[in-house]
Amino acid sequence: MKQLVAVLTVLLAIVVIWYAACIPMNIKGVLTEQERAGAEVVPPSAKDRRDMGEIGLALRNSFAIPATWAQDRPRLPAPHQVAIELWETTVQKKITSKRSLVYHGWVTLSATILGFAIGTGLGILLAVGIVHSRVMDLSVMPWAIVSQTIPIIALAPMIIVVLYSIGIQGIIPKAVISAYLSFFPVVVGMVKGLRSPDAMQLDLLRTYNASNSQVFWKLRLPASMPYLFASLKIGIAASLVGAIVGELPTGAVAGLGARLLAGSYYGQTVQIWSALFAAAILAACLVGLLGLIERAVLKRMGMAQR
Amino acid sequence: MGSVIEAKNLDLTFQTNDGPVHALKDVNLAIDKGEFVSFIGPSGCGKTTFLRCVAALETPTGGTLTVNGMTPDEARRNRAYGYVFQAAGLYPWRTIAKNIKLPLEIMGYSAQEQEERVKNVLELVDLAGFGEKFPWQLSGGMQQRASIARALAFDADILLMDEPFGALDEIVRDHLNEQLLALWARTGKTIGFVTHSIPEAVYLSTKIVVMSPRPGRITDVIDSPLPKERPLDIRDTPEFIEVAHRVREGLRAGHEDDV
Amino acid sequence: MMVGLAILLWLAGWWLNTRLASGPYADTRAVRILAPLIFGLTVIGVWELLVRGLEVPLVILPAPSVIWDRFWDSLPILWADFVQTIIKGALSGYVIGCGAAFLMAIAVDRWDFLRLGLLPVGNFVAALPIVGTAPILVMWFGFDWHSKAAVVVVMVFFPMLVNTVAGLREATAMQRDLMETYAATYWQSFLKLRLPAAMPFIFNGLKISTTLALIGAIVAEFFGSPTLGMGFRISTSVGQLSLDMVWAEIVVAALAGTAFYGLVAMIEKLVTFWHPSQRG
Amino acid sequence: DEVTLQLKWVTQAQFAGYYVAKDKGFYEEEGLDVTILPGGPDIAPTQVIAGGGADVTVEWMPAALAAREKGLPLVNIAQPFKRSGMMLTCWKDAGISSPEDLKNRTLGVWFFGNEFPFMSWMSQLGIDTSGKSENGVEVLKQGFNVDPLLQRQADCISTMTYNEYWQVIDAGVSPDELVTFKYEDQGVATLEDGLYVLEDNLSDPAFVDKMVRFVRASMKGWKYAEENPDEAAEIVLENDATGAQTEEHQKRMMREIAKLTAGSNGALDPADFERTVNTLLAGGSDPVITKKPEGAWTHQITDAALN
Amino acid sequence: MGSVIEAKNLDLTFQTNDGPVHALKDVNLAIDKGEFVSFIGPSGCGKTTFLRCVAALETPTGGTLTVNGMTPDEARRNRAYGYVFQAAGLYPWRTIAKNIKLPLEIMGYSAQEQEERVKNVLELVDLAGFGEKFPWQLSGGMQQRASIARALAFDADILLMDEPFGALDEIVRDHLNEQLLALWARTGKTIGFVTHSIPEAVYLSTKIVVMSPRPGRITDVIDSPLPKERPLDIRDTPEFIEVAHRVREGLRAGHEDDV
């Protein structure tokens, strides 16, 4: 309850700041438009206004302030403009329409999920290898860390082309990038998780003369669950970023990334913002969904106390 | 060679970054079948290390150690040990019954036999009816009893307990001590028991091994004159106090150098 | 032939590492450094042989030797790009973003209301695909490094904030009660208890942020830049099919990223020498 | 027979001919099953074709020649675009009226292979591109949109006659606020959208035959698009998966494109090629190509297709 | 009103998700200056809670509590308390000397005075020469002594100790008990001491408070008949055993219901 009030207050503050920020951000564009429409603007030349302070301009031309919240192609769209765009492109469009964000969201989501599945699977496998083989631990783990310093996002176009060249197209190149991004958090979390049983718990199984696979299935795997879920939540958000990035270079075909790009290409800021928000909402939903699964699984396992 | 556990000139040196640590030096000890042996001594004197050697969790660097005439590792593969650690160490994702089933699953008992044994040991440790609870739903004392039940569920000859009651309060501890004695009488297992508490050691054991650190060695082995039947009140008798006094003296002797 | 050689090299490298890992010196520092090195060299060797053996076109994947030559031939360009992207864009954004997040974390820690209200919102924003903000920020802050720094600020802010807030709550109840019995003021207990206790978390945030900063600065250059910078070079070189140049930039990025990360990790070791994870 | 075509850019009227040919069944009539892959800001069509991801690609000649010098033997088999649509669009109120006025300004330029004509133009004018100075300009790597101009971050930006220029106009700027320099008029025009294939393939008669049919059908598509611009634009819209294109913009683009394709029957005019090469060779300190390319184009396909 | 600490009908109820927990109910107690008072009782009976109320770390929900005639909070602001927790709780990033300086820095002692006091208390607890070591370089017993030194460094009248030796082994504990008694005799502070060990409580205290849970209340207050001078051997005397017996009975009475 208290939390709700706090969150709402913070949100309200953000919205207020946002509206306020629209004034200086958009005032120059608005004044230019007004000037073209024949309104009296001080100073009258766009060139003079170029180097002037935005706030001063807004004060001197206060009649133009409402227009800063209703521009067609604002530098910063007002919250309600984004909300209306979101509403129109989700609820009011047929979901099969290419103008529907639901359609684009679905395109991105399917790549995200495929990539996430690949990344998670590989990540878990690698983690199992690292935990069980000292060679892998010694030689591969440091490179897994170095691999994260490579700006994979910058390489996305090349990856896509290389995959094209071996005949892989469509959803898979995107999924590969999103798998690459989700893979690392899963490896790190899973290695930590599989190593989380303490020496005592391992010794206990040793006194039972348990085999390696028994140790894995009965101890390491269940013990790693909380770690796994924590890293899955990071991983899925990373996957979504990967899928979106993967959509950028393939050109504006379909997906939220393509939508972002097309918005940017045609200067449709409102469209950029609504695609951004759609992506964030999608990410929040995915993370939330994983959270629910986590709760359910851990509860069934008896690890969620109370 | 009637001993179940026999150590001769046992040595164990750990190589650490700060140089070698002599955890055990020249340890000689024979434990007979059915004995209740307590190990007592200041922190770091090698009690845990000795128990771990017996259970083949640690490999001695010198001397010989036999368990039932075999090497400890052979005995381990024959599943000769039930080991109880200081903390209960139950798996939080398994119910109490499932926790007790764990060794049975690993050792490949049939499902039906598993059920039966779980039922039996739960009764043995007074936890009947708690099988479906998760560990965190139980008090510390109950968890510790469940972990003892887990060690009892399969037919290990030897029960090794490393400060099993260290984390519990005195009253709960008294109660568990009483129950442990009863259990020992009923099953006739050989028990190795590490403790820091003099009264506990004296109350439980037929033989008390006093150890001292740097290097870890045995300074005294006291055979208890107390009868097998031991009510809690026995702790106020002069015999008890006499033994306790001897243990304390032994401890103090090996403890001179530090605090 | 080359392919066979590649397989052989791979097996040899793996065998060597297996020997090292199970050998008597497995725990020494030398092996810890050697093993990944051998692995890396093996990968490079296999790559070279495969590219030659399978005659992979240069425009798809250049061989390491080609990349190496290009790297040495283009040092001045690479250096200029490095300065533009890493020093000006990434580093300044990193400092501003982490600093701002730190101050915000103190505020969040000080006023519970902020923590309750801001953290969930922060988590939502953190889930935003920040890359998407790059075109917007380029539009706002211009083409030079300022917009890159702005992207970096946005990218590192929330990871740093979340970690620092978690760190400031890290001191145990007991440690805080102790301060209470001394009747310590808020700032006394902040400086003497909560801040030092938070250090491992703060450094965790700082470490995560290093790679984010690099990625942010490079990607932002895709959306407009002066004719300089690593992201600029990568994208124009792809257009010119100079894939060797692209990979040379990637080498720079990986080196810079590893060095940056290593530097922060080293400072962490000095500052949090007391933490069990550092005492090892 | 299957043919994969890689476009240079996103789905828009710039490629109407191919979409029309596909939609109207011209390809089918020739017994071809054509897949059209849209491009994008970070896709290098040359790289795609090098990797075998496409049989034929739409590319601009400077990029194709540069790739050829890099060891990727691309050959122009047809040239549907006769004229260049690239130009520099500037604010008039910044005081620019002739190319001389560009000195000491900030200019937005596309890179990714599209910067070559600009560079040679500047070097012809004797303008240094390494920074603002009395005799130099500051060059920005322009993104995909016209914001740098609208936000006045640059005094001039690169635009295409059929696309970005109209985006500036759509943003509410009136044409008389702007000054444009068409590369065509400055004598530095280079050949734009042509069809390119790998040289090796041309020795395969089956492939050549396929290309002959492809070019024939594509040119039929282009001529149809020229005559029916509105219908062509609608066909393009139907093929745009982003749903971001507007009808008005595409129709206008189609009409502008028609001006560029007019006068080409698909065969490359060697004189245009010479001009392009000369422009590129004059590319200043860092020329795109260093020597005259040999065998970079052929009439083999067009001769067969058009006669 | 000669009492240093005086509780009248003290109540404390925690509101938890599972309903209210009566941690303290109707607690009446008066502690005189210079007394050594031990609190003993099963887990959850409110020992810690009572100590925390005295130190103003918890606010009672009923009754009155005065310390030196003031409210606990005023006393806290006058820095009347030295508090020692179960774990040593030294800051790992500070050396031992710096840890002991911590309260002095906060209370604004001069640098020179800080040095002096640190030197004094380090000697008092037998840790001279260890000032520059970091906590993890010391044994558990030494850390606990350092934490006592920290509580002694400034002039608090009242020393509150919550199971300070709970984590140590018996021998170290004996030793620290001896030292604590000596310290108490030298400084004449009033000490409140929580423990789970009956012998420890009897050995140390002038007054033993036996508590019982659900709701937490005092079931017995035993004034020790033992002399002020107490060698460790005193634990084998009949008087000692007599008092210990009484405490155990008191505990058992309040402990009937569970294990």
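We just call them A, B, C, D and E in the order they show up, numbering each chain from 1.
The working rule: a residue touches a chain if its C-beta (ideal position, glycine included) is under 8 Å from a C-beta of that chain, and two chains touch if they have at least 3 such contacts.
Keep in mind it's a predicted model, so treat the numbers as computed, not measured.
With steps allowed only between chains in touch, the distance from subunit D over to subunit E comes to 2.
Steps from subunit A to subunit D, taking the shortest chain of touch contacts, total 1.
Chain pairs C-E and C-D differ in how many C-beta pairs are in contact, and the one with more is C-D. Separation between the centroids of subunit A and subunit C, computed from CA atoms only, is 18 Å. Averaged C-alpha coordinates put the centre of subunit A at 54 Å from the centre of subunit B. We define each chain's centre as the mean of its Cα atoms; on that basis subunit B and subunit C are separated by 50 Å. Centre-to-centre, using mean CA coordinates, subunit B is 83 Å away from subunit D.
Shown for subunit A are the residues that touch two or more other chains, namely 75, 157-158, 161-162, 165, 248, 264. Of all residues in subunit E, none touches two or more other chains. Among the residues of subunit D, those touching two or more other chains are numbered 41-42, 44, 47, 50-51, 143-144, 147, 151. Arrangement of the chains shown, judged by which pairs touch: an irregular graph that fits none of the line, ring, star or complete shapes. Every pair of chains meeting the touch criterion is listed here: A-B, A-C, A-D, B-E, C-D, C-E. On the subunit A side of its complex with subunit B, the touching residues are 200-201, 203-210, 214, 218-219, 222-223, 225, 301-303, 305. Against subunit A, in their complex, subunit D makes its touches with residues 9-11, 37-44, 47-48, 50-54, 93-94, 143-147, 150-152, 167, 171-172, 174, 240-244. Touching subunit C in their complex are the following residues of subunit E: 52, 55-57, 76-77, 79, 81-83, 85, 87, 89, 91-93, 102-103, 105-107, 134, 136. Contacts from subunit E toward subunit B in the complex involve residues 42-43, 126, 139-142, 145, 169-172, 175-176, 196-198, 236, 241, 245, 251-252, 255, 258-259. On subunit D, the positions that touch subunit C within their shared complex are 41-42, 44, 46-47, 50-51, 63, 66-67, 70-72, 111-115, 129, 138-144, 147-148, 151, 153.
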